[in-house]
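Below is one structure; the comments refer to it alone.
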Amino acid sequence: MTAVARGWGFDGPEPVWPIEVSGASKWFGDLVAVSDVSFRVGQGVTALLGPNGAGKSTMLRMLCGLTAPARGTVRILGGDPRRDLGLTRRIGLVPQQEVVFESLTAFEFVRLAGVLQGLDDPDAAAVRALGIVEMPVDDARPTSTYSKGMRQRVKVAQAIVHDPDVIVLDEPLTGLDPRQRLHMIHLFQRLGDDGKCVIVSSHVLDEVERFGSRVLVMVQGRLAAEGDFRAIRELMDDRPHRIRIRSDRPRAISSGLLDRGVVMGVQLEGADAAVVETDNVGHFRQAVADVARQVGAHLYEVSPLDDDLESVFRYLVGR
Amino acid sequence: MTDHSNSSGAPTDLAGRAEEVVVGKGIVKRWGSVTALSGATFTIHRGVTGLLGTNGAGKTTLLGMMLGLHRPTEGSLEVLGLDPVRAGAAVRERVGYSPEHHTLPADTTAQDLVRHIAEVHGLPHREATGRASDALWQVGLGEERFRPIGTMSTGQRQRVKLAQAIAHDPQLVLLDEPTDGLDPVQRDDMLALIKRVGTEFGIDIILSSHLLEEVERVCDNAVIIAGGEVVASGPISELTGADRGLLVEVDDRAPALIVALRAGGAEVSIDGSRLVVTRSGGSADDELYDIVRDALVESGAGLRRLTNRTVSLEDVFLEVGT
Amino acid sequence: MTSSDPSIGAPASSGTGAARILERGYRSYDGPRLGARGAMRSLVRHSVQRVLGLKRTFWNKILPFGAIFIAYVPAIAFVGIAALLKERFARNGVDINQVIPSYAEFYLFVWAAILVFAALAAPEVLCTDRRSGMLGLYLASPLNRDTYLVAKATAVAFVLSLVTLGPPLFMLIARTIAGVGPDGFGAFIGVLWRVVVGGVIVAALPGALSLAIASTTTRRAAASAAFILVTIGSAVVSETLVNSGASASLFVINLPYLPLELVGRLYGEPAGFVSSSSINTSTTTMVVAYLVITLGCAAFVRFRYQSIRVTR
Amino acid sequence: MIDSAPPPPPPPPPPPPAESGWLTAADSSDRPSTPGAFAALYRLMLATQVSKARVLSLGAMGLVAVLVGFAIGRADVFDPVRDGTRFINGLGLSVLVPVATLVFASASLGELNEDSTLVYLWLRPVARWKIVGAAALASFTVTWPLVTIPLVIAAALTGAGGSLVVGTVAGVTISMVGYIGLFVALGLRVKRALPWGLLYILIWEGFVANGNATAARLAVRSYGRSTLSAITGVSLRLAEISAPWRWAMPFVVAFVALAYATRRLSRQDVA
């Protein structure tokens, strides 16, 4: 679902970005975790991607003020999360580590979060938050006996109990089964549509494609790319698009496309398929149906081979 | 291709291994008041099999029972032709197991660990050393095998876990979430490795995972557990693939395309950013392809993607696993 | 991929004449498999290596080899004295056996080394496996919970025997050679079986107790500290109670002295050989108490390991 | 390296708090601090600190104390008041109180830091002194009964009468206040607090601060001792600190230590 960022181009006073990072660097001893990263994140769902050890967790911790950048600034809702304690009222964090307070039940844990956030009615807020993540409210068992999936959902509940404006989630989908993951993704989308700023780090790329298409890719502590991943793919102009065409007459279609100069290279695959390479994917998309009709061929399948987020990721990581 | 036939069913020249690797009949398992399995009946054949299920559906319990660690409350289970409860040691000698957690002894080297596990599975000392070194090469660990495991990355640790599961030449390997914690590039390498073990090495694999896209990419067949019962099982090609019309994605002019398609006599519905095009009969015959092709030309929409809308493993999982 | 031995018969892969390219794929193993017993043997060897710090950094070798050093030095010293100074002592009328300790008294010298080894060995063999996730891998091998524990107990027994059997045996053999040992084969065997039984007595109780404590926690340091505290604590409590008039048989809860007193009586030493508080405690009560404590600890370990759930 | 695309047009500022999304927006006006937070933190800290292993090990130490008290009472060779006071001072104030407090107080914040659950308390609009205060109070609530009850029984068993019992309670309480402050801060400062704490107890208090009267003032134990010896009238070594300091200094030590812990908690990195 292409996340149409709600209300672009608002022309009010100098707008305050939910997340604004400029020139942030962080190192532990001589290990440079994050080096000179700048970006802005608006409302809606943004995915933070990157190989293991790329500095994602460090960046998320800086966003919440859990650790200070050695250089550069991090602004959440206009304030400095490291100094301004009041900001924590409007930030929700789902940390990566699995451990929660072993002796508490789910309700007690989420209610504690509500109390510490200073809510008027922590009980009602806890009941609502647990309802959203589909967790029973009256489960008397302590969290130490919970499975990974249940623990993950309790962690999300404590992060949204105080209805924050910025929600940071560090690999929230690990350990969830397909049904729970689908439910959690819909939750993120709902929060994003509702004007919240949701930033999620994840490794499961085909799930991330479902959050929305806005991504931040970090590699070796630096920002490699930012924006809608399909737009990023367009920018990867030094790499031709490869598209697989299946038809009853693949040769006819390929030669038709070659004549129009829309396609640079063709590789036939078996009797009914051909993989074509084009550096101008816009023209190709306009021409392929027309050529098929011209040569009277049935067009069974047209699927880009490196248009998905995974190939964008491999491209950025591989550079 | 080596002269070793894989899961095509023809008996191999190796001791004529049986076609059914694991057979379960009406398996029930209760932990006190909690019923983990309530009558699971299934047959797992040679090759790579995906074991799927919602959290707490009994997957881990089933893996434990295959290793003879828990006794079924009712029903019977047969692994490699043996009863894991009575002949537990004999079964576990021929089975490799890679647990879900990443914790491994931090101060031991990968070579020592894999050799020790091979020995514990019954190999004499010298053979174990040789095979451990082989297994570590096969999983792509070069000189870092002599570094303590504590200094290894999650990706390397997962490879060590796989190496210790195959070093003693098992007939069957149980992998519990083998790609947990890996980033996309590491995940692809690990899946390719698992595919090689299942085909080239001739070792049958049972892969328990939450990521359906992985199972579809690596496994030949799948067993889906829900509510303690096996709700679907069989070759993935049969489980998925049923035809449900066409999926069309376009850059622009979607409304114009929809009008053209409906004019051509096709039914159109919207699923997120994609159009689902079907005929009243539901199947995608040549005529439907032509309608789509002509509608595209007419509306001038830029075609980004056109594919058959087939049942994915996720559809099966969500519909079946109610 | 099966491949007959490439050098015999048809080559594993294509190529005739002088040259060939060999298949380096996965080789299956058709050799002998040693089953559960083989698994136990390798687990014992592995565990002993870990306790002694072999295959590990230098720091892990200090404590074990230090304990062995403490145990053997007195034995060597006394034998040296017996062999070299026997004549001089005899000349001025001193019987050599007054100078060097009897076998039972000898244990008082090595008692510190035995305690250190017991405090070190069991936590190392039990706690690390649970903390490092290895227990899950072991139980997925031909071992099961009982054979696993038997192997681990054997490893602890072997390590302890290094300091409980080794030095006295060494001293017996050396004394015989030096001509101050028991004369005649009958007497030699008489002392030999006492040395062996004494070694077992002095090793079994501390070993079982340390295994029991190690089975309750995954933290090695905590288990070792707890073992030492329990051992010393029991001595303090027992001494205070017996001295302040409680019944004499309370001596049996004095865990460090109970084995020593038993060994003393085994060698025919007078009662109260270890401490005055055991004078009026009968041997039978002590033997019964010893067995109850040792077997109790063993049963406790087995019970703990039966209830541990490895695959969640 | 591809140059980053021109930044998309700036999005609108966040919706004003009043507008209610599908979650009814909580009142997020900045109230000075949150009511009921301290009580919630205190209850949580009580639950996390009481672990079976700790209570058992402290109970065992208490039992030994009772036993020795019983022995002193039974054997007529001891003078109850003098030897009773010496025993309470020796085993109680010098060993049982510091070690028990160390075990609980150092774990109060240290353990939250180590198993990375501190973030669930830290990333809240809660004043840092409340977190440290709740931890200290919870440690005191757990440790005080576990130490005082066995020592009081032991004191009674020695037959030295009421003055020893009152002296014990006062001495234990006074020194525990000082220790709580120190060890809560220690638990936050160092990763493995137990060894460092034991070093302080055995080397600093047991050896260095035993040198002379002025050095003794640097050890928390001396204040407890002075209180005990003042009440029982039995003179103890290095226990002559006069009245106002005797009970005031431990509170000062605790206050300074907890202030340091608060500053460190607000400045530290959180997992």
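Each chain gets a letter, A, B, C and D, in the order it is written, and its residues are counted from 1.
The working rule: a residue touches a chain if its C-beta (ideal position, glycine included) is under 8 Å from a C-beta of that chain, and two chains touch if they have at least 3 such contacts.
Just so it is clear, the model here is predicted, and its values are computed rather than measured.
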item: Chain located farthest away, centre of subunit D as origin (C-alpha); value: B
item: Gap in Å, rounded to a whole number, between the CA centres of subunit C and subunit B; value: 46
item: Subunit B and subunit D, separation of their C-alpha mean positions in angstrom; value: 53
item: Cα-centroid distance, subunit C relative to subunit D, in whole angstrom; value: 41
item: Distance from subunit B to subunit A - Cα centre to Cα centre, in angstrom; value: 25
item: Shared-contact residues (touching 2 or more other chains) in subunit A; value: 147
item: Numbers and ranges of subunit D residues touching at least 2 other chains; value: none
item: For subunit B, residues that touch 2 or more chains besides their own; value: none
item: Category of the chain touch graph - line, ring, star, complete, other; value: ring
item: All touching chain pairs, where touch follows the definition stated at the start; value: A-B, A-D, B-C, C-D
item: Residues of subunit C touching subunit D in the complex; value: 217, 222, 226, 229, 233, 236-237, 240-241, 243-245
item: Residue ranges of subunit C in contact with subunit B within the complex; value: 1-2, 23, 25-29, 31-36, 38-39, 42-43, 46, 55-57, 128, 131-134, 136-144, 310-312
item: Residues of subunit D that touch subunit C when the two form their complex; value: 53, 57, 60, 64, 67-68, 70-71, 74-75
item: Residues of subunit B defined as touching subunit C within the complex; value: 2-4, 13-14, 60-61, 63-64, 67, 69, 88-90, 92-93, 95, 97, 99, 101, 103-107, 112, 116-117, 119-125, 127, 131, 134, 138, 164, 166, 168-169, 197, 200-202
item: Touching residues (chain side subunit D, partner subunit A) in the complex; value: 1-2, 4-5, 7-15, 21-28, 30-31, 33-37, 40-41, 44, 47-48, 115-117, 119-127, 269-271
